[in-house]
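Next up, some structures in structure tokens.
Across the two complexes that follow, subunit A remains constant while its partner is subunit B and subsequently subunit C.
And then the complex of A and B:
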């Protein structure tokens, strides 16, 4: 009836390609080869990845997961702090909100480019500041720091997102529990720990799940900023898929197998999200 | 220190923190605007902050780099995908909001989970199939690809907006002899016009910003604005001024649109999960 057209198109546009992706991942197809000449080779692509014969796969998984854990936890803590700051009366509040929306909405590839300008070792504005203030120039995108620099961009971009969600939660907490706690002689730390935190938990979880899934599949910003380099210091899984399938080698089938594994990781995370929303903890 | 001056200090510190947060949030973009307006000779000198602005970089990107072509592509793709997704999405949202059937929740959550698809996983099959069909590097392939995230988004957003409208209005209309179609077209859609607009603007922002599909599925003909950054990736002796100007032209429309939907921002960012 009403749902049918949309669902049909979604099935055609997502389910069919997914099945096709699984299929491609068990072939030997390469870029530039005629499609009709591909052969089925079973699970050899997967075996190759998981056994570590593809020696760049596991490091890339490690980079992706480290990135996800660090980005999510830093953004959650900072976002919470900013939300607490926002949750008081002050002038120019809407101006501050406007500022916070900037990082979230600016085109991600442009974000990458913007930061590339700022990180530049010779002419970048960040090194202009560090040289002025500390007298040193920093190799932001050098082998040691590239990973942290990429992480910093993600933190800059998405901390406001976490802050806004948590702020929405803080606004919805009634004041009665705090008054009761005050009467009972609770201090600020106690009422934060025993009232604010439990009441805000559903939204906090929502923010955490969104951030962990999105940082796991991140592609555009590091693609523009570092292209996975230098070496493979910032080669997140998405970038690894890109390099296998499109950049130098054109091993589409092996890239597909890697993409399937990335998909599995993300699907398991999204299960968490769905279960969480279903429990109804997130209608504020 | 007595408690009143302590409160003052606290207020001062939190104001300071808020200013710092706001400045950090806008600085990169402001800096890009500055670089884009600098005369060529000053581009590589970060110590110069005061100069007479020039538009030579903007003129250059439109004249020599043909930015208008990419802007036109972006515009066509965004318009196409937004209109189609909104039509299909709000229709389905009506179904989800007003009729419950077996497995309707599971279906709704399958649709939600489509948001999580990593672009790199979808782009490979899209690329191969599009090549077989001969529609690589066309507007159609991008319009279709963007529907994979815009339809789920529209469904979840509009479902929320529809559910906020009291059922009594529709029931009255049904009693008066309206069909469900008429209820949907004449009552529900007009009543949820603000929500529809907000949803549309979010679709516009998401599609305008999309990068991975645009990069792999298009070449020259249908290439959109965000992927023009790749022109500056491999060039040695990068032209910063033009690079920054392209960035400003690409990002500015989105920033303006975002300000328009500020009120619904959290709702949009969380797929309608947080209703504020």
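And then the complex of A and C:
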């Protein structure tokens, strides 16, 4: 009874649009078409995607998954390293924290704009340094490097997030196990591997889940930075959905079907990871 | 007898009133508009473009004269189409006056995103000094009309021609290109000839921009992307494949990031002195000749589009002003269009950096003296007319055009960045086009 208002809002904000999305994905609706003239066409949109008649779908899936794997693993490793450094006492620690928080708090589209300026081949600050120091001009957003450049922005923005989560985990570990290990004659590597890692594993997995889901549905940064180009070097699945449905083609229904498949991918991935945490949790 | 007399009197009266209305001056027209529509508000959705800047410069005077308040929403071209279509589909009725690319008319008209304009043009309320007939016929029919009905008033017409650096051409003893072969040779010659110098700049960003850039020379090799009578895709025909190969060879002489260029980046590269040549829209010349924007304003010359293997062809493209079908202030929107695009205001518009579409402007001695590219522009129109004589429209008038250009421009761009061969790009584009047209 008391949760009715909240449930109503939840239904309106999530359930209705999702059901609408599923419905649109089995129609032939196009942007600008009058809604009353749309037809139901069954699973034709899905068939088109899965059978490879939409040439861009599978390459986009590949790009999205590669991006997710690279971004998550780099961010986790780097974030872990930074968290270990933060776990020691040093001067200006709060200043370092401030600097780490900054990328997380900036709106992703603004991050995209900032990096677009810095990456600019002619006037960008990065090329100013590469030209001065190494004498080379790098086409950061050219066909070869655009994917890695986009990856770098994601790493820059979200590594601190992972670092902070893991840092919180490190702070919560009691010191007794380490003292006991020291008495038993364990070296630093051993106590890291057998004590630190298992103890913060749940938080580590949490960070991995967040980052993998987020990077799978990443949109704003590559949208501003490259618009999916050049060619389809950075055409993540989310951008592909946008380009199908809007821009010049206006295939809203086909975009909806692609979005549903993206949703299925994200949900199955997160379930996989959550189950992994649960199983792992019981062994610790 | 007396009844006929009354009817005659009435007719005469109507005629007199309508003559009075259409012969009125701008001030008389404005005071009538102010009385009828003063205090209303219109919102314009426009693209970043020299013509938009000119209209914005003239807005204050219009507001003062008519009491209609004008809001501007100016954005990049791709977003513009999205916003206009979403405003229409969502029924939000934000916009009254739309700036519509000639490419979009054949899609907007059947979807009824914009309203037919002939009833406004032929209305007695439209003054003589608007003068629709003064707009060049190729623009009226080529970019503003669909299936015989007028949907847009052409505001910024363009054909395309070649701009070149006179200083560089003199230095190396070169003459401007007459044929596409010469154009390619010159582009190859200048690439790397001086530090940081490339041969040519054009638009080639994935999607509609690449398609538009490719279309600059497509008709010099064949009949283009679609058979304009049967609507069969022609991408794999030998002429079209050849034209893609040529375009890609030419783009190898452009700055390395050309695969991300729209018309804005292309003209910027030329204005910054990075390329020896530029082959794009005449509408952008006012930027190139503007000392505050361009580093090469005093060093450029222009020549008409070079001839290709099957002769001359040229571009007829441009922008329109149109009235959104969702507009709640259609009369105020039409008053705005009447004023801004009229013959009476055409000269002022061009002096503000606007882009001519009217015969009277091209013949105005003062304007011709001011912009040395006018005679070349007219020569370029003649070459573009060769296409009309072949029975082809530069913009194929099909409602599926947006999709066609997006797909063609996608595969062309893939070939440009070397992911696939031009032949393979054409083959895949053909499959997708058959799919789109067959729907």
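To be clear about the criterion, the second predicted complex is superposed on the first by the 270 of 284 C-alpha atoms of A that agree within 3 Å, B and C clash if a C-alpha of one lies under 4 Å from a C-alpha of the other, contacts with A are read in each partner's own complex, and residues count from 1 in each chain.
Convention: a residue touches a chain if its C-beta (ideal position, glycine included) is under 8 Å from a C-beta of that chain, and two chains touch if they have at least 3 such contacts.
If you're wondering where the values come from, they're calculated on a predicted model, not measured in any experiment.
Student: Return first, second, both or neither, reflecting whether A:108 touches subunit B, subunit C, both chains, or no partner chain.
Tutor: So A:108 only meets subunit B here.
Student: Comparing subunit B against subunit C, which has contacts with more of the residues in subunit A?
Tutor: Counted on subunit A, the partner with more touching residues turns out to be B.
Student: Which holds for A:229: it touches subunit B only (first), subunit C only (second), both, or neither?
Tutor: second
Student: Is A:177 touching anything from subunit B or subunit C once the two structures are fitted on A? First, second, both or neither.
Tutor: Neither partner.
Student: Using the touch definition from the top, say if A:246 reaches subunit B (first), subunit C (second), both or neither.
Tutor: A:246 sits against subunit B and subunit C alike.
Student: Shared contact residues on subunit A, subunit B side and subunit C side combined as an intersection?
Tutor: 35, 122, 227, 246
Student: Residues of subunit B touching subunit A in their complex?
Tutor: Against subunit A, subunit B makes touches at 14-15, 17-18, 21-26, 28-29, 31-32, 35, 43-47, 88-89, 91-92, 94-96, 99, 105, 107, 109, 111-114, 116-122, 124-126, 128-129, 131-132, 144-145, 147-148, 151-152, 155, 184, 205, 208-209, 211-212, 215-216, 225-227, 229, 232-233, 240, 243-244, 247, 250-251, 254-255, 257-259, 262, 265-266, 269-270, 273-276.
Student: Show me the residue ranges of subunit C that touch subunit A in the complex, using the header's touch definition.
Tutor: Touch list, subunit C to subunit A: 78, 81-82, 85-86, 88-89, 107-108, 111, 113, 205-208, 256-257, 259-260, 272, 274, 402-403, 405-407, 410, 413-414, 416-419, 428, 432, 435.
Student: Under the touch definition given earlier, write down the residues of subunit A that touch subunit C in their complex.
Tutor: Per the stated touch rule, the residues are 31-35, 53, 55-56, 121-122, 139, 141-143, 226-233, 243, 246-251.
Student: Could you please specify the touching residues of subunit A with respect to subunit B in the complex?
Tutor: Against subunit B, subunit A makes touches at 1-3, 5-7, 9-10, 13-14, 16-18, 20-21, 24, 29, 35, 82, 85-86, 88, 90, 94-115, 117-118, 122-125, 127-128, 156, 160-161, 164-165, 168, 171, 203, 206, 210, 213, 216-217, 219-220, 223-224, 227, 237-238, 241-242, 245-246, 252, 255-256, 259-260, 262-263, 266-267, 269-270, 273-274, 277-278, 282-284.
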